[in-house]
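Look for chain A in each of the two complexes below; its partner is chain B in the first and chain C in the second.
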Partner chain A sequence: MTEYDRILADLIKGLAPFTNGKTVTENTELVGDLDLDSLKIMELLLFVEDSFDISIPVSILPDVKTVGDLAKQVEKILGNA
Partner chain B sequence: MNQELNVEIMPSATPTLSALPLRLADFDTLASALDYAAQGESGANFYAGSGKLATVLPYKTLRNQAQTLAKRLLSFPLERGARVAIVAETNPDFLRFFFACQYAGLVPVALPAVIHIGGHKAYVNQLNGLLKGCRASLAVSSSQLLPFLTEAAEGLGLQFANAASAFDELPLKDITLQPSGPNETAYLQYTSGSTGFPRGVIITQESVMANLLASGHGLDVRVDDRLVSWLPFYHDMGLVGCLLAPMASQRSIDYLDTRDFAMRPRRWLELLSSSRGTISFSPPFGYALCVRRLRPEDIAQYDLSAWRVAGIGAEPIHVELTDRFCELLAPAGFKATSFVPSYGMAETSLALSFAPLGTGVVVDWLDSDDLADNFIATKVSPNTGSSFVRCGPILPKHEVLILDEQGKTLAEMQIGRINVRGPSIMSGYFELPEQTQLVLSADGWLDTGDLGYLVDGQIVVTGRHKDMLIINGRNIWPQDIEAIATRQPELRSVDASAVSVPGPEQEEIAVLIVQCNITDADEQHLLTQRLHREIHEELGINCTIELVPRHTLPRTSSGKLSRSGARKGYLLRQKTQSEADLELTSKKA
Partner chain C sequence: MGLFTKFDGLAAGRAELGALGIDPFAVKIEKIISPTEGIIHGRHTILAGTNNYLGLTFNPECIASARLALENEGTGTTGSRMANGSYSGHRNLEKELAAFYGKRDAIVFSTGYVANLGMISTLAGPGDVVLLDADCHACIYDGCRLGGAETIRFRHNDAEDLAKRLRRLGSRAAEALIVVEGIYSMLGDRAPLKEIVAVKREFGGYLMVDEAHSFGVLGERGCGLVEELGIMDDVDFIVGTFSKSLGCAGGFCVSNMPELDLIRYASRPYIFTASPAPATIASARQALRILESGKDLRQKLHDNAARLHAGLAALGYTLGGPPSPVVAVVLEGKVEALQFWDSLLKLGVYVNLMLPPATPNGVSLIRCSVSAAHTSEQIDAVCAAFAKLRTKA
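Entry: the complex of A and B
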């Protein structure tokens, strides 16, 4: 299992409270598919920051659409740490 | 964060008490106010997401840095009053650039730093529109956001658009600084929300100082006051209320980043407790976020007994929320009488009225039918009818009139358009004379766009006659939502109306009603999903999408789409639907 796969699996687990039972893959869109509003996005980011012990710069969000995009960004931040 | 800055890192926050005698904003310009504040020890303190103090910026340091930077900015050939756009993140650089403009006789313009997930293109477009709208000569952002600023500034012919650190490499112009004078523009404030037609409010030094002076007295600012804020600097309440006001009365302030607050709202209460904050403002949305995230075990750790002004305004105030907040936080020493309902807007610098201190939230309960049908505020017994919060008397030296549709002055308890006049009012919208004329009369009366009435001289806001939506504390213009709909290939320009309807917890919910000829369920689903996503990317809100057959949306007599008609239709369909659902359920049972 690669680092990316592990992060992705953790993210999908962490998304469970937000998904209303929908199946989540790396191609699932956070807004388009999961209907996350800005408050839920904040709760998700809080989960990501706390569980990976990282700080997510505001500048990466605009280019995140899918769960996979988010996993890649987390991987990048962890790699730089 | 901000390691790149040339800011002194100090071990502790600036003090609350200062030997410098308190002066309540009785200065003629922002620069002279900072000159005075710089003689004391107070200043601004920036807290990181971790809750740790990251940077301390005493007003003394701020003044020195701002004057140096002013000379660097003037190394460009700029006309007096040229606009300097600042992407407004909550960091010391924003203050440094804002006040450098004051000392250089330039006009700062705060640009939003809020980016929605997946919203790259939308954010760049928004910045581009604002840079164009104010015809910025210079633009600055953090190095983090520079790629967006660079993209947005492309082709606009700015003299320099770069990261804050790059400005520090510029040569110092050898001149004596001539700060912005009383009759000059202090700043441009873009009204929140509309990306389609941004309007920059022009506020002169005289106007903002008049507002700061009146507000300082209105809040009875004292030597032992300390402010705490998480409001963004591109918002009038954040800029004027939580940056200029503390500086102009030489008080210290503790800042939390807006996004850190949105993620961890409890940090606001922690910071108020640890720094013994006495004044802090928020839209109702911020209090609601705290209520939602509070854990019972947290409450014992807070000490909010010093918080004497819990300002609340900028969107409708519901007494259920303030009651709930008081109930939850009373054990932490929060007093219900600390709530100060407030009314104001960017067009009036900031504040127009504060509820009398120490009274808390005072509610009028009104007959809903008289309100809707006769525009009359008829009092009914508490907890029946509709509730509205009293926002206090208009500030000294300002006037308020309630006018009917014909412009006739109405008596107390009659509902009409709130018009105001006084020294805090804007000079107009930047380079938009028609827009200015729509709201500002030749004799200085501003039509606020709000509906309300007066009771015992206090202003009560009951609604808006403009169609703006307020979602999670942010102003959203229906035109912006509709524009996203009508640019879809399968839709035409008259196919969409955006409105807001009450949600299950009294919050406003955005609804976009779209008429189209699509009958295929899959195609309908795809269109709905696309609209939902694009609205979120551009505006950061969840919007309910309703597809209806063509010719469903009602029009006004002049042939325009009627948003109020569209709203009525939507609510009627919802009601019919829920009644049908109910019937179905009872039949099954």
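Entry: the complex of A and C
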């Protein structure tokens, strides 16, 4: 299992409280598929930050559309730590 | 995708407002009568949403100073201070602000928005880190974006969350810029500045406090929350605006940092925009003198704020924070807030409507701002209008 796969698995598991029981995959869109508004996205990011003990810069958020995008950013931040 | 496709959402939002027959973002004040009264839709209206905290917009001394400058120095400077030079008033105001705060120097900017844009974008560039409270004003976010620094939000008014994020930065924390506000504009709540200063002492970094809504409002001399809490020496940069308590337009930053003057040579929002007009500078200087001359206006402001806060609390409204010149009423939904705001206007009370995503936690707010110029009768009239609408909230 690669680092990315491990992060993705952790993310999918951790996203459960935000998904209203919907199935989440790498390609699930946070806004489009999970219907998360900006407030929920903020809560989700805070949760992800605490889970991985990282801070996600505001500037990368426009590039995060899917769960996979988020996993890539988390991997990148962890790699730079 | 067309050039204007990105506005589809805005167009739909406006159409929605049109269907309701309410447009809170296109209010026309047909006649301004005083700091607290105007004519809107042909109706005499109490203005309780203008951030005119000390009510100085019609102060005779400010008007006389502005008029004199207008006659002696003309209507405008026609360019930036870098290109066209500074008028004596620009520099004098900077010296007076620095003296007022007991700081080494000050820079005056064309607006409060530009002050944050100009300071933050210049201080923090690519490779630098800015940590900002999640509820900071848009101009602080825009300053971060313009500068290109790595921008990290921390939970609103949560010094522990700030500490956690500074810890995550490791050695980079010592050079990070932390940005918070004295009073937050939406809910009127205050920053836990003593706790934030303690975190800064532990991890390092530079602290900037935007006192836009607390300059002229808090502190023994009206400097703001930093003065009230006695932590002037712990704050590296204080930013403020003339467009609220001083009743005109413009912004500033004061600091003890010897490098402050270098900001002028690197700050694009300072270099590439027109400097404040002489009349604006003259009225700001006069308003600052009035602010320095005593506490009467501040006391009246706080008395009015307490009166409005107590009146609305007694009616059972959910309020956004403790008594402050910003009194925000929290309502359930967007449409309800729109209709509530419109009903208030029809009752002769103008306040601000604040809707998500501009609001914290996605709430809809009826935001009142109190002025020292409000009479007790006007505050009571505002409360009476809210009382008439109580069953709808």
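Definition applied: the second predicted complex is superposed on the first by the 81 of 81 C-alpha atoms of A that agree within 3 Å, B and C clash if a C-alpha of one lies under 4 Å from a C-alpha of the other, contacts with A are read in each partner's own complex, and residues count from 1 in each chain.
One rule holds for everything that comes next: contacts are C-beta pairs under 8 Å (C-beta built on N, C-alpha and C of every residue); 3 or more make two chains touch, one makes a residue touch a chain.
Remember, predicted model here, so these are calculated numbers, not experimental data.
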In the three-chain superposition, say which chain, chain B or chain C, touches more residues of chain A. B
Look at A:Leu46 in the shared chain and tell me whether it touches chain B only, chain C only, both, or neither; answer first, second, both or neither. both
Once chain A of both complexes is superposed, is A:Glu29 in touch with chain B (first), chain C (second), both, or neither? first
First (chain B), second (chain C), both or neither: which does A:Pro62 touch? first
Partner chain(s) touched by A:Ser38 [first = chain B, second = chain C, both, neither]: both
Pick one for A:Ile54: touches chain B only (first), chain C only (second), both, or neither. second
Classify the contacts of A:Ile12 with the two partner chains as first (chain B alone), second (chain C alone), both, or neither. neither
Chain A positions touched by chain B in one structure and by chain C in the second: 37-39, 42, 46, 55, 57-59
In the complex, the residues of chain A that touch chain C are 37-39, 42, 46, 53-59, 81
Name, in rising order, each residue of chain B that touches chain A in their complex. 49, 89, 113, 115-120, 123, 144-145, 147-148, 259, 262-264, 289, 472, 529-530, 532-533, 536-537, 540-542
Please output the residues of chain C touching chain A within their complex, sorted ascending. 134, 141, 144-145, 150-153, 155, 165, 168-169, 356-357, 361-362
For a test of understanding, state which residues of chain A touch chain B in their complex under the given definition. 29-33, 35-39, 41-43, 45-46, 49, 55, 57-59, 61-65
